[in-house]
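Okay, so subunit A shows up in both of these, paired with subunit B first and subunit C after.
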Partner chain A sequence: MSRAVGAGEQVRALVGLQLALERRTGEALLVVAPFGAVALLLLPMAVGTDVPLLRQVGPGFYWLVVLLFGVMLTVRHSAEDGPGPRALLAQCGVDPVARALARVVADAVLLLAFQLLLAPVAVALYDPRIPGWPALLLVLPLVAVGLAALGALAGAVSAGVPGRAVLGPLLVVPLAVPLLLGATQVIEAAKYARAPWPWLVLMGLAGLLALLATVLTARALEEAG
Partner chain B sequence: MPEPLHALTGRASRPAQGPVAVVESVRVDIAGTPVLRGLDLRLEAGEVVGLLGPNGSGKSTLLRMLAGLIPPAGGRCRVLGADISADGAAGRAARAAVRTSVTLIGHQPALYPQLELGENLRLVARLTGRDETDATAALESVGLAAATHRRADQCSHGMLRRADLARALLTEPHLLLLDEAHAGLDRDSVHLVQVLTEAVRSRSGACVLVSHERDRLRPMVDRAVELVDGAVVPASVSVP
Partner chain C sequence: MTRIDRYLGAATGALVLAGLAAAVSAPPDRLQGELQRLMYVHVPAAWLAYLSFGLTLVGSVAWLRSRQERWDRLAASSAEVGVFFTGLAIALGAIWGKPVWGVWWTWDPRLVTTAVLLFVYLGYLALRRATVDATRRARNSALFGVVGFVQVPVVHFSVLWWRSLHQPPTVLRPGDPTIDHVMLAALVVNVVAFSAVFTVFLRMRMRLARDEAELAAATEAPGRPVAGSAVTAPAAQVAAVTRQMDQREG
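And now, the complex of A and B:
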């Protein structure tokens, strides 16, 4: 005998599955994160040991690396993109909305971990002055959720399309500009004692719109793919 | 007019009486190319139907449509009482409801390659609201108890086919669709297919078995139909 399974339970099961697969493969945090750290290391090598300059551009470069490598993380070939897993989930009656939400939640967790792993590297290399660091406690999850929602949307749009590895980043990067702007400007605002809220609201709105688009198109895109 | 059951529960259920599936003049296009062209088929309760036809005749597409995985582009199709040919959100809801009561065993196993066979079956149990111990029992039933901890991408094709049969045992479908019924299956596994079809029959469900091997299909089905160019050949309906 079976009992009805709600969307919430499906989301929890799939989030747990995706994080378990990440623990097993280390695709996101053991492959993408070291590349991000290497990218952070390359800038000082390129501009030389100009400490004031590095201190000035460090935060912006950190967010750029988070954005570009975060996009790689979100549009990577997900465990669920193969024909076998897609067939399994479809035949288990998993709602495409639940599947999309699970991907957003799991990727957001991974992106948050990615940002936290890179942050000490950036601090060690650039020694930035961050007067408004409490605002970062909001910026980090907003960037994580926004990028994860954009990645899920791009993954659904490009599913089954030849060249999706290229198409995914092309879709996500332009849409992630408000997140990059918001993240850098929150720090700038703190530096000049301005209110960070307008930028936080911008980031929240960008993430919310991406999340809504992902949820509203999930069912139609599932059948189209 | 009472609301259909699937609209209330999100699951398609077997109608108390009547056919399991009725396909009338159905057309299905894949990437703009018509694959099924005005196909008619009726599956009665308790029936096991063989589906024959050359490569490219639309057999797999028909199974995918009956499983609610692709929408018809025209015609009418009711599966387990749900109108899966309806337009828009109603059609999507009907197809979603049908998927939970239909099991399709296709060319490729519906499994996560990175997961162990046991993990795959337990995931199916969890997502379909079944006890996880049933997953272990299903794997034992198909002779894969010793391979529970083996990753799917390290299994042979035959083992994966058996694991897919275990999935069908676990989910207790009312419509079982088995593509290439004999591919990758040894004699014992073919016996498993027969056990499975009998179980579906006993639930007043129906089964469709696709095979290129007419002689091996004959003892397993009640009748056979042949598909050519996306339509049933009228004279092909036969009792083997």
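And now, the complex of A and C:
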């Protein structure tokens, strides 16, 4: 006799499925991450390979690459996004909210890994001074969760739409400005011995709003798909 | 063109002339001189950007509640007109900024958040254009229209939340407006005139959207040949089978 599966269990199972898919394809960490590293390498050639200048602008470049390439990662097409698998999941009674949350959690994990992979590259290339680095322990997950929630929302809104790969970033990037501002200003605040909390609160609020929007619209978007 | 359109057009023309007269006859600014007269177009354009994205929010929420097409048309048309007025406000701000601040563009919170607002609604319009199915387009863009509106109060309050070159609110603020009353009167006349222009644009765009929907429905109407109907049995084979059946029966 079958039993009803709780929402938490559904989320756990779907996160496991998405991470397993990523392990198999390596799209996020074996394709997007190296692409991001190449961007970090090329950016100094555009502004001049002056070491003091790069030390100053390096953290900003890092967050810009995380934002732009992280968006690519969040709006990528997953095997689970197709109409067939979606219909199957709906038939199996998987809650659309659980699906959306699973997408956010899986993408947040991948984004965190993406940020951790790129961080040593940025440190090696730019040799930045990061006075308030312990705050990064909060900034990294906040950026990951906020970007993952916005990406899940944009991915759901543009599911099945032709040109989704370019439309998704256009929808996400303007809304992700608070995350970029917060991430860069936390380091600036530490440089001038100012409290980083206002920026952390801004990022947390932006992430929370994105998460709420993703969860609240999940059922309506599932119906549309 | 209906009678309402004719009256609205005439009233709008009169209001635009009145706005122009008010803008020209208002006293020049003590510091900026004649340049400040750009305010009589820049501020109404910015106000209409807020209004149009507010109407997009109203249309989006109303569509989600009622599923009536007219609300979707209101949301979409208003967003399109709003993008025009946001672009106009940014362009006029740049023209005004060059002689006053010395640069076309500066990294001021009001400017940056307004540019972000423009891109949010360009994304909204791109999403609509990319979605073929009408119901799905209406639903997805309504949801995005609700989420995207978050940016509007951020633009308005950006001059209060962050240090800004841009002046803080002078009219939409608690207490007495901090603007000369003759200038305020000229500004109000221009806001009304531009709102009338906005109403004309919005009505025209909504009508065009309705015509587009009717055209799409007509071209997709049943009875039109579809891909499958092009595949027919070859006439010679049909004739041969009919002959064989006739011979058997005979």
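Keep in mind that, in the parts below, the second predicted complex is superposed on the first by the 223 of 225 C-alpha atoms of A that agree within 3 Å, B and C clash if a C-alpha of one lies under 4 Å from a C-alpha of the other, contacts with A are read in each partner's own complex, and residues count from 1 in each chain.
The working rule: a contact is a pair of C-beta atoms (placed from the backbone, for glycine too) under 8 Å apart; a residue touches a chain by one contact, two chains touch by 3 or more.
Only a predicted model underlies this, so the values are computations on that prediction, with no experimental measurement involved.
Colleague: In the overlay, answer first, second, both or neither for which of subunit B and subunit C A:174 touches.
Modeller: Only subunit C; A:174 stays clear of subunit B.
Colleague: A:209 in the overlay: touching subunit B, subunit C, both, or neither? Say first, second, both or neither.
Modeller: second
Colleague: Examine A:92 and indicate which partner it touches, taking first as subunit B and second as subunit C; both and neither are also allowed.
Modeller: first
Colleague: Check the residue A:221 against both partner chains and state whether it touches subunit B (first), subunit C (second), both, or neither.
Modeller: After superposing on A, A:221 lies in contact with subunit C but is clear of subunit B.
Colleague: Which touches a greater number of subunit A residues, subunit B or subunit C?
Modeller: When the residues of subunit A touched by each partner are counted, B comes out ahead.
Colleague: Looking at A:10 after the superposition, I want to know if it touches subunit B, subunit C, both of them or none. Which is it: first, second, both, neither?
Modeller: So A:10 only meets subunit B here.
Colleague: Regarding the shared-chain residue A:21, is it in contact with subunit B (first), subunit C (second), both, or neither?
Modeller: first
Colleague: Answer with first, second, both or neither: which of subunit B and subunit C does A:120 touch in the superposed model?
Modeller: Neither partner.
Colleague: Per the contact definition in the header, classify A:163: touching subunit B only (first), subunit C only (second), both, or neither.
Modeller: Touch partner of A:163: subunit C, not subunit B.
Colleague: Starting from the residues of subunit A touching subunit B, keep only those that also touch subunit C in the other complex, and list them.
Modeller: Touching subunit B and subunit C on subunit A: residues 220, 223.
Colleague: Inside the complex, what are the residues of subunit B that reach subunit A?
Modeller: So the residues of subunit B in touch with subunit A come to 9-11, 67, 69-71, 89, 92, 95-97, 99-100, 102-104, 106, 108-115, 120, 123-124, 126-130, 152, 167, 171-172.
Colleague: Across the complex, what residues on subunit A touch subunit C?
Modeller: Result: residues 153, 157-158, 161-164, 167, 170-171, 173-175, 177, 209, 213, 217, 220-221, 223-225 of subunit A touch subunit C.
Colleague: Enumerate the contact residues on subunit A facing subunit B in the complex.
Modeller: 1-5, 9-10, 13, 17, 21, 24-25, 79, 82-85, 87-95, 219-220, 223
Colleague: Which bits of subunit C are touching subunit A when the two form their complex?
Modeller: Where subunit C meets subunit A, its residues are 64, 112, 116-117, 119-120, 122-123, 126-127, 130-132, 135-136, 139-140, 143-144, 147-148, 150-151.
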